[in-house]
Structure formats: structure tokens, C-alpha cells
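In what follows, subunit A forms one complex with subunit B and a second complex with subunit C.
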Partner chain A sequence: MATVQFDQITKSYGAVEAIRDFNLDIEDGEFCVFVGPSGCGKSTALKMLAGLEATSGGTISIGGRDVTELGPGKRDIAMVFQNYALYPHMSVRKNIGFGLKMQGLPANDINAKVEEAARVLELTPYLDRKPRALSGGQRQRVALGRAIVREPAAFLMDEPLSNLDAKLRVQTRSEIVKLQRRLGVTTIYVTHDQTEALTMADKIVVMKGGEIQQVGSAEQLFHAPVNVFVAGFIGSPGMNFFHGKVESGPQGPVTRFGGHDIPLPAKCAGMSGRDMIFGIRPEHIRVGEDGPGVALSLVENLGTEKILHFHTPGENVLELDRAQVGADEERDAQTMLIRVIDDRRYSEAETLALAFPVEKLHVFDPDTHEAAAG
Partner chain B sequence: MQQRHPLNTIALYLTVLVTCGLLLFPIYWMVVTALQPASNLRAYPPQFWPADPQWNVFADLLAKHPFMLWFSNTILIAFATMTISLAVSILAAYALSRFRLRGGQGLGLFILTSKMLPATLLIIPLFAIFRSTGLVGSLWSVVIAQATLIVPFCTWMLKGYFDTMPPELEQAALVDGCSPLGTIFRIVLPVAAPGLAATALYAFVVSWSDFLFGRTFLTTNDESWTLQMGIASLKGEFVTEWNVIMAGSIMASIPIIIVYLFLERFLVGGLAAGSEK
Partner chain C sequence: MIPTIDFSAPRHRAKFGYLLLAPAVLLMAVIIVYPILLSVSISMQDVRIARIGDSGEPWTLENYQWLFGSGETWHALWVTFKLVAVVGGLSVIIGFATAMLVNQKFRGRAAARLFVALPWAVPEVVATVIWAWMLDSSFGLVNWVLLTSGLVSEPIAFGSNPTAAFAAVCFVMIWKGYPLMSIMLLAGLQSIPEEQYQAAKVDGAGVWQRFWYITLPNMLPVVGVTMVMTTLWVFRDFAIIHVLTQGGPLGATTTLSILTFEQSFEFFRMGQGAAVGVLTMVLCAIISRALVGRMAKSVH
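Now for the complex of A and B:
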């Protein structure tokens, strides 16, 4: 068990900078998730921590020991790969025990530890099978077994759930979290799936274009995103964005939305006359009696919840490309979403009056895309 | 599953039969020719199975010629060529497949150029080298000469195989504390067994059937000849005993069949199945 530090880490491939100015402290026993769209550098960062990729600059420490120049085998880490990377010519028993054998442990000790790991992961009946005779979920557990049996200082996991079907993924997700809590081993987990990040992590590192955008708990990222990217990336469906001019109203700053005044947080008082980006999460928009009226363009009924689509009023449409807004799905800038959980029946073309609770409105600078300070 | 039309089935079986017939007929004819006197060779109508098979042709061949010596020379050359070629090409192919080398792709193609040249073109420089190093007449000259042609092709065969193996396998072994060389021996080679078997078989067969290099470098005395040279020497200026030549050829094919049967279990693909999702 150990702390992990990235200090000024950079990685470049020729002229291309894959990772820039990467600084991060991970506490002992913490479950840290790197999340971001593909190509954001999260896997590269993990591979540099594992020693499978050389760094171009900076230092990496595990347990206070500088490991930047050490080979993967000398870093006291264990890794679970996306494709599991089980040794196909070895039985499950040998796969799990391989790392211990490399450490030079006596055969009896290896066997005892392998049996114990297999018991924990419910793999005992399969110990003498080859990986090809196992199901996807079982292979995944063998890969986990290979990691936990070594009792390393840190677990590194590179999208370990992405090859499982949806149901098994949810189940394995909670199993991994429980296992990590019980063993208390510092874990660095890479995923592109924000749901995994939000549900598993103590600390989430949101990355984009080789740079850290924000580090924080699920709570912090959800409620206080530092920029438009994080705001759009975290949450499903992602945050709605629109733009408008800050004006002074009788009760404080407001902006116009669909011909109505929307009250803004008090911190916007000093931004009067400026054009700003506003964000509100689909679940925070309230359907009420008073406020801007919008016509629903689509109603998606998901059983307990419903996603209501409506067109953003023309003057409020904010054109941002997808790379700037970290939305997972293809989002149409001219459409905003409302997520409601109630028994009311909604129909397309129905007109609803909306309320944007002032405490749930996020304000961003249109030039820097950073959250606007008060 | 869709039911196949009976006519399609018949056509399929016919094609298989005709193809097998075409492939197996030369072997069958080799056996028939070996078992009848040379004088029957041009008999018309041809005898498809000799009335009186001359089984003693094999014993005669062994008695009259140093056949077993040629045989052991060829075995030695083929195993040495196969071993050296594999040892060199495994390392070369692994480096080409896995390491980001400056000019690596160009180097890979350059390795192939020696395979593109005709063997006869290489003979003169090789002969000059072997003469100055005193290797002419030694079995090693043939081993080295053959390896120069076999290594490039084996390197490409193995590179192709290594390319299909997920690099995460080796990365997992490295994280597990295995050394880079240990990773090759403990993980890469066992997983690449089908590719290695195919490559070994190729090297063995090419070396076994060589005539040109042997004929050029091993001419001095018939005790250092290879099987192919020995069999070719059975063709006389005035009389050619085709039955003896065919008997020699049958015996010369047996080791290839044995090597194939031994390597066959590795040749069956699918060993890598199960390492991934």
C-alpha cells in the first residue's frame, strides 16, 4: 500500500505532446479513476505509472520512492488489462501464480496464496483450466486474481470492464470496489465511462487532450465543474448549455431566455453587459407554471424517468464543438434536455413552462470556458 | 444451418477427389517406378501396379552407395540450418514487430531483398568467402549458405505471427516481474508455438531439398554429399536406373513426413485463443 505521485510528467511522441504538465497526488488506499474521452492520454498516464511507457519529463513516485527509471517489474504494482492478457498456454493456477514465481517464492507458498485468491474470487473449480475454457467474466476474475495475489503497493486497471456485457459490468463494478475497500490497496483505474468513474472513485481525474481538467470527488465534479468540458462530460445526459447577456434586474442579475428573465446567481452582478455561457443539468430544470414556455420536440420514456427535448430559443443557441463540451453522445446544440421523474404524461408539441433554479445555474466565461468566479 | 444442395455436395467431393488425385499421383508413381525394373518404365500400356514388385531395390541402394552417410549429412545440415535460422529470425522478427526502431520498416524490407535475389547470384560471393575461410567442402558452408536465404523469409513469417499477438501479454509478464528476455522465452515463444512450428517446418523442408548449394560447395568427395546430390549422381551418362533413383527419393521423403507429423500438433492454430476477451 502506498501513495502515488505524478510530478510535472510530460510525454511526447516526436512533436506530438500526449501528456502535458501532469501533476497528481493519490493518497494511500485511495481509489482514483482517470476518465476522459478516447485519446485524452489517460491510458498513456497509466502506462507511464506502470513503467510500460517511458516518460519524457518529470518524476513518478510510488510510496515515496522515485520509480521513474525503474522497469515495470520493480515498481511493486499489479495491472489488469482491458483484454485481460491472460497467458493462454498456462492454467488459471499458473496464470495467477506467475508473478509470485517470478518473485522466487517457494512452490508451497505460491500454491497457498493462489488457492486463497481463487477462493476470494470464486475461481477454485477452474484452477486447472486454461483461459480459453473460461467465460469472459471468469477470465476477468483471473486477471484480478493475478493482480491481488501479489499484494502490490498499487493496482493499475486499464478499462477492465469494457469487454463485459452491461449486466456483468455493473455486477463486477461493485465487486471491484468491495475488493478494493477490503484490501485497502491504492488503485488507479482508467475508463472512458463516466458512470464507472462516478460510482467507483474516491478521486476522479478528468482529462482532455493530455491535460488534467479537474480532480475531485464525484460530488465536486458534478456540482462544481471548473469548466465547460467537465460540466458537459460528467452527468448523463450531459449539462445543457446556452448563452445570454447578463443584465441587471430589480432583484439582481438576470439573463433573457425565450423572452423571459432568468434570475442569475449573485456573483454575476459584476458581469453586467457581458455575454456568458450558462449551464444547467437536465435533472435540475423544473417544470412549473411560470417561466419561459417551450414546446417539447421529443419525449423519451425510460420507464421511471423521462427525457424531454425542446429547442433552445434561437438567441440562446450556443455553438460549441464536441471537443469543447465533453458530451458522450452526439448532442445537438439547438436542443436542450429535461430529465423528470414523475407520473405526468407528456406529449410532443406540448408547451411547458420551465424554471431554472438559480442555485443550480452554472456560469462560464465564453473565452476561457472556465467557470466564472464571483 | 442451410441445407446444401446434393449436386453441390457431389461437385465438392469431386473437386476434392480430383485435387487429391493430382497431388498424390506423383508420389504413387514414384512408388510404382521404384518397385519395377527400369526396363518396364516405358512399357505400354503402363503397369499401374507391378506384377512382381522388386522390394530389394531399397537394400541394393543401401548396399551399393553410401546412402546412409548422405542421409546423415543431410539430417545434420537440415537441423543445423533450422536451428540457426530460427534462433536468428526469432530475435529479428521480435525486434521488428515490437520495437519502435528508427528505419525499422526499411530494415525489414531490406532483409527481404536477399530472399528476392536468385540463389545462383549469391553463390559466387559465397564461394569466395568460403574459400578464403577454408569452409569449402565442409557441411557448415551449406548450412550458412542456406541460412542466408531462409532467415529473411522466416523473419517475415514470424514477424507476421508476433504482430497478431497482443503486446499486453508481454506487458503483463513484465509487470509480473519477468525480465524482457524471460518474457520472450516464457510467454512469447510458447504462445507463438504454431508460428514457430510452421517456420521450423519451412526451414527444414527448404534445407532438406537443397541441391544447388550442396552441389557447389561439397563436390570434392562423395562422403560429404547430401541426399539430393547422391540421388542426382545415380543418373548415369548412358544408363539411368530410375527405379533406384525413385527408391532413393522415397527414402529421402520419409524424414520430411516424420518432421511434419511431429510438428503438426503445434501447427494447429488457436493456442492463443483465451488470452483475451
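Now for the complex of A and C:
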């Protein structure tokens, strides 16, 4: 158990900077998730922490000890790999015990610890099987067993769930969290799946293009994203964006959306006359009240919830690169989504009146894409 | 009317496959199966010079009585096994070492890989003639180097000293045989997932431990296959020994294949030669079956 610190870490491949100014403090026992789209540097950061990749600058400390110049075996960490990286020629028992054997523990102690880890992970019946005789979920648990048996200062996990099917992934997700809570070992977990990040983490690190965008709890990232990218990346579906000019209305600042005045937060009073980016989450748009009317272009019924699509009014369309917005793939800039949970039947081409609750509106600077301060 | 068969139909697909296979099967029957049967038949006849199409002599086991009764066979068997052990063992070690070397990332790796593979690309007879010249006892390069560097006081008689001749044959066979080992083992090394090494590093395994616990077990099937190939190659290789020593001196390098040649084409006792050939074939079949089966089972 230990704290983990990244201090001014950089990583470059030739002229390409893969990671810049990476500063992060992870508390003892914390579950920290690195999340971001592919190529954002999250796996590289993890590999540098593991000692599998050299840093180009900065220092990494585990438990207050500078480990930057140490090999992976001397960092007192355990790692779970995406494809599990089990040793195919060894039985489950030997796979789990390999790290202990390398530490030079006596065979009796190894066996006792392996049996204990197998009991925790419900692997006891499979101890003498080879990995290829196991299902995906069981292999995954063997990989976890190999990590926990060593009682390391930190667990590193590199997308450990991505090779499992959807149902097993959800189940294993909660098992990992329970295990981590029980063992209390600092865990650094890499994923591209924001749902995994939100459900598992104490601390989420959102990355893009080798830079940390925001560090915070699921709550903070969801309700107070610092920029357009985080706002679009976190949440499923991600936040809707539109742009508009801030004007002064009788009761405070407003913007025009589909020919209607939309009240804005009071902090926008000082931005009068400026073009801003506004964001609102699909679940925060209210339907069936007074407000701008929109025609639905598509209704997706997911059983309990429905996703309603409508075209963003022409003058409000925000032309942004998808990579900048961090939005999921199935939407385009011209479409906004509403997520509703009710019993009403919606049909395509139906016109709805919408309301954007003022306290749920996010305001971003169009130049920096950062959340606008009042 | 000729009934037409639609070969793309599921129930006729197999027939089309057999049709396509037929030429290859026929060819194999003519150039492999028939000669094997023919040599088995010759080995059971008391013939000096066999003629195809002859009505043939009556079948007898005389050749096999000679085969198991004569010291020549047992000596040739002993020489063959010695050669297999030395050449097979050393070329696996050298091949493994060079494969690991050229599997590293370094500047000039492509050139290094080429150099490793080079002896394999030179035709066997050409290479052996050059080696025979270099190993010559009176004006060969090897003896000149050994003499001028003071390693030996008089030239080594590679042609007349049985031990030296055996060593020379081993050396040239290893030189010729290790590149194929190296190429196959390199392919094997490249198929070991990098994550296994990373996991072992995180588990605290050092260089030797990673070699022992990751590289070696992963490589066993490939090593097995290459061992079989080298064993069979040494068993049947004829050109190197024939060019270098003609099986001499005093039979020190007379392997089973050299014995087959001697009996058949020097002493013109083709029945006995064929018997040696049949013995070689049976031994090769047993060895490859045992090695392949065992290596394949031991890992996956």
C-alpha cells in the first residue's frame, strides 16, 4: 500500500511528444482510473509507472520512494494485462505463484498464499489446469490472482475487461472494485470506457493527446467538466453542445435557441454580446413545457429509457471536430439528444417543446474550449 | 446425355476436392511410394546390379542376415548416431544463440540476419568443396592459420586421422545446418507475445529466469520440429561426407547413407545397399514420430 506520484513526467518518441507535463498524486488505497480515447497516452503512462517504458523526463515515486530508475521487478507493483499475459505452459497454480517464486519464497509459503488467493477468486477447482482450459472470465481471475498474491504496493491494470463479453464485464467490474476495497491497495486502472471509469474510480484522470484534461471524482467530472472535451467524453450519451450569442434579457442574460430566449446562468451577465458554447446533458433537457419547439428526427427506445434525436436549429449548430468534443461516434454536430424516462410514446416528426434548466447549462469559451468562469 | 454435376453443391464439394488432389496423389505414388516399395523388394533379393523390369530373384532374407550380422552396419549406425548427437546438439545451441542475437533490436540487424542465413544459401557441394580445400593438410587455410598462430606444431591430417576427419565432418555439417535452425527458431522467438515477458519482468524475473521460464518452454515445440529436421538431415546427408572424406579414414565417417552408397555403387551389391536404405528409413520414421509426438504433447 502506497501513494503514487507523477512529477513532471514527459515521454517523447523522437520528435513526437506522447506525454507532456504529467503531474498526478494518487492517495494511498485510492482507485484511480486513467481514461481517454485511444492514443491519448494513458497506457504509456501506466507502462512508465510499471517500469516497462522509460520516461523522457520527470520522476515517478511509489510510496515516497523514487522508482524512476528502477526495473519493474523492483518497484513492488503487480500488473494485469489486457490479454492477461498468462504463461501458457504453466498451470494456474504456477501462474499465480510465479512472482512469489521469483522472490525466492519457500514452496510451502507459496502454496499457502496461492491457495488463499484462489479461494478469494473462486479458482480453487482450476488450480491444476492450464490457462487454455479456462474461459475468458476465469483467465481474467487468474491474472488478478497473480497480482493479489504478491501483496504489492500498487495494482496496475491495463484495460483488463476489454476481452470479456458485455455481461461478464459488468459483473467483473464490480468484483474488481469489491476486491480493491477489501485489500485497500492503491490501484491504477486504464480504460477507454468512460462508464468503467465512472463506476469504478475514486479519482478519474481524463486524458487527451498526452495531456491531463481533468482530475476528479465521477461527480466532479459529470457536473463540473473543465472543458468541452471532458464534457463530451464523460456521460453516455455525452453532452449536447450548441452555440449562441449572450444577450441581456429583462430577467438576466439569455441566448436565442430556435427562436426562443433561453435564460442563462447569472455569471453570463458579463459576457453580453459574446458568442459562447453552451452545453447541456441529454438527461437534463425537459420535455413538454413552454420553450423552443423542435421536431424529432429519430426515437430510440431502449426499454426503460428513450433517446430522442432532433436537429440543432441552424443558427445554433456548433461546428467542432469530434476529437475536440470527445463525443461518442453515433452522433454528429447537427444533432442533439434528449434522454427521457417516462411512459409517454414519442413518434418521429413529432414536435416537442423543450426547456433547458438554467442550473444545468454549461458555458464554454469558444476559443479555449474551457469552462467560462463568471 | 452426360449427367452434369454441380461441384459447388454441398454434397458434391468433396468430389471436386478429390479430383483436384488426384494428380498430386498419383505423382507421389509414382515418385515416392513406388521407389520405396521397389527398394524394399530389392533388399529382399540377392542382386548385384538391379534392373527395373527384371523378373527378379526369389525373395530371401540373406541381405538382412548380412545387415545385422556384419560389423559394418553396427559401426555405421554408431557413427551416424554420434554425428546426429554432435551436429544436432551443437547446431541447436548455435542456432538458438544466433536467433536470440538477431532477434534483438540493433543497428545492422538486417545484415546480421543475412550473415546468419548465408551458409544455408550456399549449395552444399560447392560449400563442401571449398571446405575440403581449406581443410587440406598440406596447403589448406585452416592448417596455415593454426600453424602460424602457434596453436599446433604440425599440420592436422584431416584426411587421415579418424578423429580429425570426424571433427571436420561435424564442423562443416554444423556450419551448413545451423542457419536453418536459426531461421526457424527466430520465427519461434518472434511468436512469443511481448506481454509474457512484461508480466515476467513485473513479477521480478531476471534475464536468465525469463529465458528459463518464458523463452524455453514457449520454444519447445519449435525446437522439437527443428531437432527432427536436423536429425533427418544428418541421417540422410550424403554430399558433405562424400566430398570431404568419402566415409574414410578407416570408416570413421561412414554413416548409414555412405554405407548404402558403398554397397550399391562401389561394391555393386545393390540388395545389401537397399537393405541398409530400408533400415535407415525405418529408423528415421521411428525417430521423427517419437520426437514430434513428444514435443507436441509436452507443451500444448
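Going forward, the second predicted complex is superposed on the first by the 373 of 374 C-alpha atoms of A that agree within 3 Å, B and C clash if a C-alpha of one lies under 4 Å from a C-alpha of the other, contacts with A are read in each partner's own complex, and residues count from 1 in each chain.
In this text, a residue touches a chain if its C-beta (ideal position, glycine included) is under 8 Å from a C-beta of that chain, and two chains touch if they have at least 3 such contacts.
Since the structure is predicted, the reported quantities are computational estimates derived from the model, not experimental observations.
Novice: Between subunit B and subunit C, positioned on subunit A by superposition, is the outcome a clash or a fit?
Specialist: Overlaying the two complexes on subunit A (C-alpha atoms) leaves subunit C and subunit B clashing.
Novice: What is the contact status of A:Ile77 with respect to subunit B (first) and subunit C (second): first, second, both, or neither?
Specialist: The answer is both, since A:Ile77 touches subunit B and subunit C.
Novice: Based on the superposed arrangement, let me know which partner A:Ala133 touches: subunit B (first), subunit C (second), both, or neither?
Specialist: Once the two structures are laid over each other on A, A:Ala133 reaches subunit B alone.
Novice: For A:Gly259, decide between first (touching subunit B), second (touching subunit C), both and neither.
Specialist: In the superposed model, A:Gly259 contacts neither subunit B nor subunit C.
Novice: Thinking of the overlay built on chain A, is A:Leu52 touched by subunit B (first), by subunit C (second), by both, or by neither?
Specialist: both
Novice: Of the partners subunit B and subunit C, which touch A:Gly273 in the superposed model: first, second, both, neither?
Specialist: neither
Novice: With both complexes overlaid on chain A, does A:Gly64 touch subunit B (first), subunit C (second), both or neither?
Specialist: Neither partner.
Novice: For A:Gly314, using the defined touch cut-off, is the partner it touches subunit B, subunit C, both, or neither? Pick first, second, both or neither.
Specialist: A:Gly314: touches no partner chain.
Novice: By residue count, is subunit A touched more by subunit B or by subunit C?
Specialist: B
Novice: Which partner chains sit in contact with A:Gly303 here, subunit B, subunit C, both or neither? Use first/second/both/neither.
Specialist: neither
Novice: Would you tell me the residues on subunit A in contact with subunit B in one complex that are also in contact with subunit C in the other?
Specialist: Residues common to the subunit A contacts of subunit C and of subunit B are 50-52, 71-74, 77-79, 81-83, 85-89, 98-99, 102-103, 132, 146, 150, listed in rising order.
Novice: Once bound in the complex, which stretches of subunit A touch subunit B?
Specialist: Interface residues on subunit A, with respect to subunit B: 50-52, 71-74, 77-79, 81-89, 98-99, 102-103, 130-134, 136, 139, 146, 150, 156, 163.
Novice: Would you pull the subunit A residues touching subunit C in the complex into a rising list?
Specialist: Going by the criterion above, the answer is residues 50-52, 71-74, 77-79, 81-83, 85-90, 98-99, 102-103, 132, 146, 150.
Novice: Along subunit B, where are the residues that touch subunit A in the complex?
Specialist: Those in contact with subunit A are residues 166, 168-169, 171-179, 182, 187, 190-191, 193, 270-277.
Novice: Applying the document's contact rule, which stretches of subunit C touch subunit A when the two form their complex?
Specialist: It comes out as residues 193, 195-196, 198-206, 209, 213-214, 217-218, 220, 299-300.
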